[in-house]
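Which chain is which? They are A, B, C and D, in the order written, and residues in each are numbered from 1.
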Amino acid sequence: MNSPTTTQAIASSAGALARYQQVRALSVRLADRLSAEDCQVQSMTQASPVKWHLAHTTWFFETFVLAEHEPEFSVYDERYPFLFNSYYNACGDRHRRDHRGLVTRPGLGEVLAYRQVVDERIERLVRDGGLPRHALRVFETGLHHEQQHQELAFTDLKHAFWSNPLEPAYTDTVPESGRETSLGWLELDEGVYEIGHAGDGFAYDNESPRHRVFIEPCTIADRLVTNGEFQRFIDDGGYRRSELWLDDGWRWVQNSCAERPIYWGGNGSEFTLAGRRALDPHAPVCSVGFFEADAYARWAGARLPTEAEWEAAFAPGWTEADETRGVDPNGPLHPRCASESSPCYQAFGVCWQWTGSAYRPYPGYRPPTGALGEYNGKFMNGCYSLRGGSCLTPPAHNRLSYRNFFAPDARWQMTSIRLCKDRHA
Amino acid sequence: MNSPTTTQAIASSAGALARYQQVRALSVRLADRLSAEDCQVQSMTQASPVKWHLAHTTWFFETFVLAEHEPEFSVYDERYPFLFNSYYNACGDRHRRDHRGLVTRPGLGEVLAYRQVVDERIERLVRDGGLPRHALRVFETGLHHEQQHQELAFTDLKHAFWSNPLEPAYTDTVPESGRETSLGWLELDEGVYEIGHAGDGFAYDNESPRHRVFIEPCTIADRLVTNGEFQRFIDDGGYRRSELWLDDGWRWVQNSCAERPIYWGGNGSEFTLAGRRALDPHAPVCSVGFFEADAYARWAGARLPTEAEWEAAFAPGWTEADETRGVDPNGPLHPRCASESSPCYQAFGVCWQWTGSAYRPYPGYRPPTGALGEYNGKFMNGCYSLRGGSCLTPPAHNRLSYRNFFAPDARWQMTSIRLCKDRHA
Amino acid sequence: MNSPTTTQAIASSAGALARYQQVRALSVRLADRLSAEDCQVQSMTQASPVKWHLAHTTWFFETFVLAEHEPEFSVYDERYPFLFNSYYNACGDRHRRDHRGLVTRPGLGEVLAYRQVVDERIERLVRDGGLPRHALRVFETGLHHEQQHQELAFTDLKHAFWSNPLEPAYTDTVPESGRETSLGWLELDEGVYEIGHAGDGFAYDNESPRHRVFIEPCTIADRLVTNGEFQRFIDDGGYRRSELWLDDGWRWVQNSCAERPIYWGGNGSEFTLAGRRALDPHAPVCSVGFFEADAYARWAGARLPTEAEWEAAFAPGWTEADETRGVDPNGPLHPRCASESSPCYQAFGVCWQWTGSAYRPYPGYRPPTGALGEYNGKFMNGCYSLRGGSCLTPPAHNRLSYRNFFAPDARWQMTSIRLCKDRHA
Amino acid sequence: MNSPTTTQAIASSAGALARYQQVRALSVRLADRLSAEDCQVQSMTQASPVKWHLAHTTWFFETFVLAEHEPEFSVYDERYPFLFNSYYNACGDRHRRDHRGLVTRPGLGEVLAYRQVVDERIERLVRDGGLPRHALRVFETGLHHEQQHQELAFTDLKHAFWSNPLEPAYTDTVPESGRETSLGWLELDEGVYEIGHAGDGFAYDNESPRHRVFIEPCTIADRLVTNGEFQRFIDDGGYRRSELWLDDGWRWVQNSCAERPIYWGGNGSEFTLAGRRALDPHAPVCSVGFFEADAYARWAGARLPTEAEWEAAFAPGWTEADETRGVDPNGPLHPRCASESSPCYQAFGVCWQWTGSAYRPYPGYRPPTGALGEYNGKFMNGCYSLRGGSCLTPPAHNRLSYRNFFAPDARWQMTSIRLCKDRHA
């Protein structure tokens, strides 16, 4: 969750409108194959109903764009801001987060109607030139915000389907199987590096300011840990050996009785958006929490990279994606396996990668003023940063400097492990 | 929740079939004006989704009737028993009660299809004479079980709608307003009385055996406590005076910050199945828990009647209802006010009335053998008995000896207060 | 916990003083062999430190006797009422119950000094004739209150010592071993019985008024269930078979992972006030909760007696104890085994016996006015009544009509099981 | 909590012995003015009884020194390792941390006897030359470990005394009052700095390896935030304005109903080891948690320094203390006020200062092998680093590179706030 920096990529109203329509349409398309009931359910406090995602992203445009710039603005439904504000204290009271699944009305149809009206008003506003240049920043934030929620809708839905003993599938497109690939190591030299957002493109506030860090010499794995490798950790007593875990992690193992990644079955299977399938030993291990990633790394005689190491290592391989691309609901919704020819080391768009860095502000960080100042800054406690984006992250939304963050016991996201090692002088 | 006694009212297959069709159709009719989302939601652990009620009552007939008597029985869907068993340990593992709202699939349409197939199979079985005479008992239990769940569907839905900040309404039929009626007292003489189920009609196991109790002289109120009277209790500091409450009740007040009945607003309003409306001061106070009923009675210089006192007092006024009547989803779904000419003192079919009796077995009580032995007996701890049935209880399902039971902090049922006083020699 | 009835046994000031000195001295003697640290500890919320018991019972006399009747009364230490009030809302604010073990100052020595001063003032008041006749009732209540706390001091200390991995012993006097005794059954005829407190002796308010009950024919066991018998229940899967338990009891078993009585070890041992010892198969099973007692009875094809059945059955065997007797801290502090020649069937002074009766008010019950009205009445929810007194109950404090009460999961008291069965006509 | 590095300061056996005797004697002297009850109490899970501190530090020497090096070693009491192991999984099972206050036996006297025997055995071992040179490292760790526990004993005792409604005092020596001092800012230039332990002296493992960091330009306050300044934050609605808090911090405020620092009263008073006293507006604010420190800094338009900034800023002012000095139990046990002439900016030995750095491993960090590997590494989650030592930290135990760490809601330590600001180019 993040808010805007001082730069943005949308230069023209026409471009803005085209991107708006693409992004907004994809959210609806994502829900196409779901029933109203599927869109209603909230399987845990941290997850939200798909219907809520559809409404909340609309509320975002209504509140931060229409209410600011539309002449003779009036709120679509005066009860909606209370229902669909997520966490902005500056925007007034809001509904309990853990009760989002109780809102059966407005129904899915009414929420889609709400989307349509807001879309029309936004489009009219943009076409009529009502969006001043300085407002494009917030407008673009709204699009990135919606893309974030597209990813969350997938992961939240996956958790909800997994919570159903019948384990329904969202898609029947399955990813290609992988092949054994050796693990190589990329060397990173000691020195002062610059990290953080650079250039004119869009970025959230928490990626700034760009600043210098000193990195001691290390090496970084050239691919993610695989299911097969993680299975060897389990077979070696990984979840039963306290010495491999942080103290809080060990307490988590004992309280949760964890024995394997959340979506794994005891029978060599894995629950995916394509239903329960046999584990592919060559696919990246996926949906592990930080505690598990950290314990695995210790077992492997390695550690997790810091944010700075990760960004410095993969900066050379980064190229901006085609701006318009989202995630295809018909494509395989599961991380690709590594291949010997992979250009960028599964760095981007495969799985989010836990870093060993606590999610804290960069030196000189300033949250934006106004309600959007709550987008990122206030969450800078108790979480770890993740890097790289996943197969569920809209490619046009991904960035080299993107800082995602989750609590160390969060396991329902597309999160994996990349190893790192110190190099001795 | 209760299971059958040794007698039953259904004497013939034809009669059985007619009642089956009436009862089953009413459950579906109840859901007619609800969306699939409305039928999906579970607002707290103790409540269940309407869809679950529709499926669970069907599972009951499939499991306890079809599986026992249908030739070449096969289960409709092998995954359903796990989903739709409520609490019968003898019937195998079951889904977590607090996760019923997470089951988006099967959807409402699939559950209605399940109902239809089971209905056809039941009807064929009965018509073909496949239901032996001794099985009629379980069959009739299934119908009463379904009627219980019709009542629960109403109360659970009311709680779900109330949990939605938008407070939607189920119906727009509102009850007639009441008029001031004086409070009279019925005298009950000391002596040995018989209570418990008598005769050939249907009753649950917990109403038996009929047995003798000694009652000391007392008087019982000839109507329920009204909203207006309860408001005076509140105005007199009722929720702030520890001396009026049981110790556990006082702790409940402090922990829950309760200040008024659950569905009351701070502004003289009450949430009903017809939405939020102005409180009628002459209507019975409704949806209060035992702790509140007990505190009110203490404040009023009275107490709650025991089960025996209640049954002895109202036995003369009881007449069996027309066997076929259910609750009309179009009628007012709220308790009627007392009227001077009321024949039975708001005893039956207005509100359940908390008694001061802990819900415990009658002397000589034996639960039935088999899975249905779990229907009632195992819940005989920590609850209080309620008597009389409510406006949401299908009239054909109500009985003089009916023992309902809820925990002392349960407030979402149609529960009210009747006062009682000791008489001094 | 109980408060006084309208009658009392102490007729003269001289008698009052003698009993006062006996009872008060015994409390101190009980603590003689304990260290200040032993007297400080509180092992769970429901238990209290011995030091607190010593101070609270003193506060009782200071507050309800001295403050009312002493000329020129002034409080001993103005901070003590806050510390040593247990639960009397009418006596003002009080310290958190679960924090009693945090009060290291006043130390044990200061509390003993407090006792001595209050004793001297009480003695002077009584000797000087300052205690009016009508005040003797409260005075006597204070003595019974102190005797209750002597029993609680023993059971709370036992729990604290058991909570220490070193399991220290309070005494080294061990009870005599028992011998096999057959189980016989006493018949109780149907009819109207009177129960509740009768006569001029002291009793708590909750034992009144004496009233009539109708009892259906039944039989009651002539001794308590033994350790050996309870072991057979365990061996037969008693703690693993859901059908033997109330639903709440089964949840308790699963949450607490209970496999045997609280003080039993896995190795045929039992923790007692004389330390850990081999289980005597002929001794009464002890320190079981209601859930366990109820499950055992179901397994044995029986049930627990009601309060009325218990009192009616053992009324003939009851004789008042010598008024002065307390529990000897040097004697064996563990229940005696049954013997063939036992006169009163282990009914009195062996173990408290769980009844199947919820602890609720008798018909016509009125709590006393004033703060002592909180002694009993407000606890009449969620508990079961126990009868008979235990080996830790001061004999002079025991009574036929005595109603003790604890929650169904309470296991640290001296509680055992007596079976009962319905008799068929 | 930390474990040893590869270097140590104790070069000779004679020096070792002298320091051992000084440190060990001080622990006992600290308890001199406490009752056995005072030493018994545990007021919350994170705190431990003084008696436990006395025993645990002794167990440390017995386990890590005597058991390794004493010829014919036998354990003092085979039950003690279970009781007095704190968290070393490698040393076997251990007693529940939250139950330390339940261990009344061994009593204080027995624990002091245990200390004496272990002291004699250690002294004999050292004198007899039985401590090999490579073992001096663990030996010295034991002394630093004991000094850490001396500080904890003070803070835990303070919390226990504060938990007692009587609020007893440990000492009657009060600190001198302060005077208004202006707040100045120290400039820190951008550049690569080295931080972490350097040289031959003792340090814990978590202070190593020494490594390079890049620091962007900033300024650091030349004294701590005062009570008077913090009062202005409160007066300005500090605890009621969500925008000043991290999201987790705001939740903490709401759940804990915090309105001021833990030891402050509503009446301008502060609880100290000298009892409750009027707040000195010029004394450093003390016993605030990270959430409060972070919110204060945001309110003040500043932020907390990182560990690197803190260490780089105060490295020039650091001078090693006389090796033997502990905390005088007779001295004022409260932070000194700033004075204009203060040489080192209240950097050392006044209050621990929250940094904005999550407590995580330094690049290249390796925990020691063996049980002592659990000393620090496993706690590197969810905490923030604190720097500088407090008035309760034994001066001989303090270090420039010392990394203390606590969870963000921990408030019972001697923790204060130092501000920092970014400098713009």
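The rule is simple: a contact is a pair of C-beta atoms (placed from the backbone, for glycine too) under 8 Å apart; a residue touches a chain by one contact, two chains touch by 3 or more.
Keep in mind it's a predicted model, so treat the numbers as computed, not measured.
Among the other chains, the CA centroid farthest from that of chain D is the one of B.
If you average the Cα atoms of chain A and of chain C, the two centres end up 60 Å apart. Note: centroid distance chain A to chain D, computed from Cα atoms, is 38 Å. The mean-CA centres of chain C and chain D are about 46 angstrom from one another, to the nearest whole unit. Not a single residue position of chain C touches two or more of the other chains.
Taken as a contact graph, with one node per protein chain and an edge wherever two chains touch, the assembly forms a single closed ring in which every chain touches exactly two others. Of all possible chain pairings, those that touch are A-B, A-D, B-C, C-D.
By the touch criterion given at the top, residues 87, 89-90, 190, 192, 211-216, 218, 242-243, 245-250, 303, 306, 356-358, 360-361, 363-364, 373-374, 378-382, 408, 422 of chain A touch chain D in their complex. Within the complex, the chain B residues that touch chain A are 35-41, 43, 79, 82-83, 95, 99, 101-108, 160, 163-166, 168.
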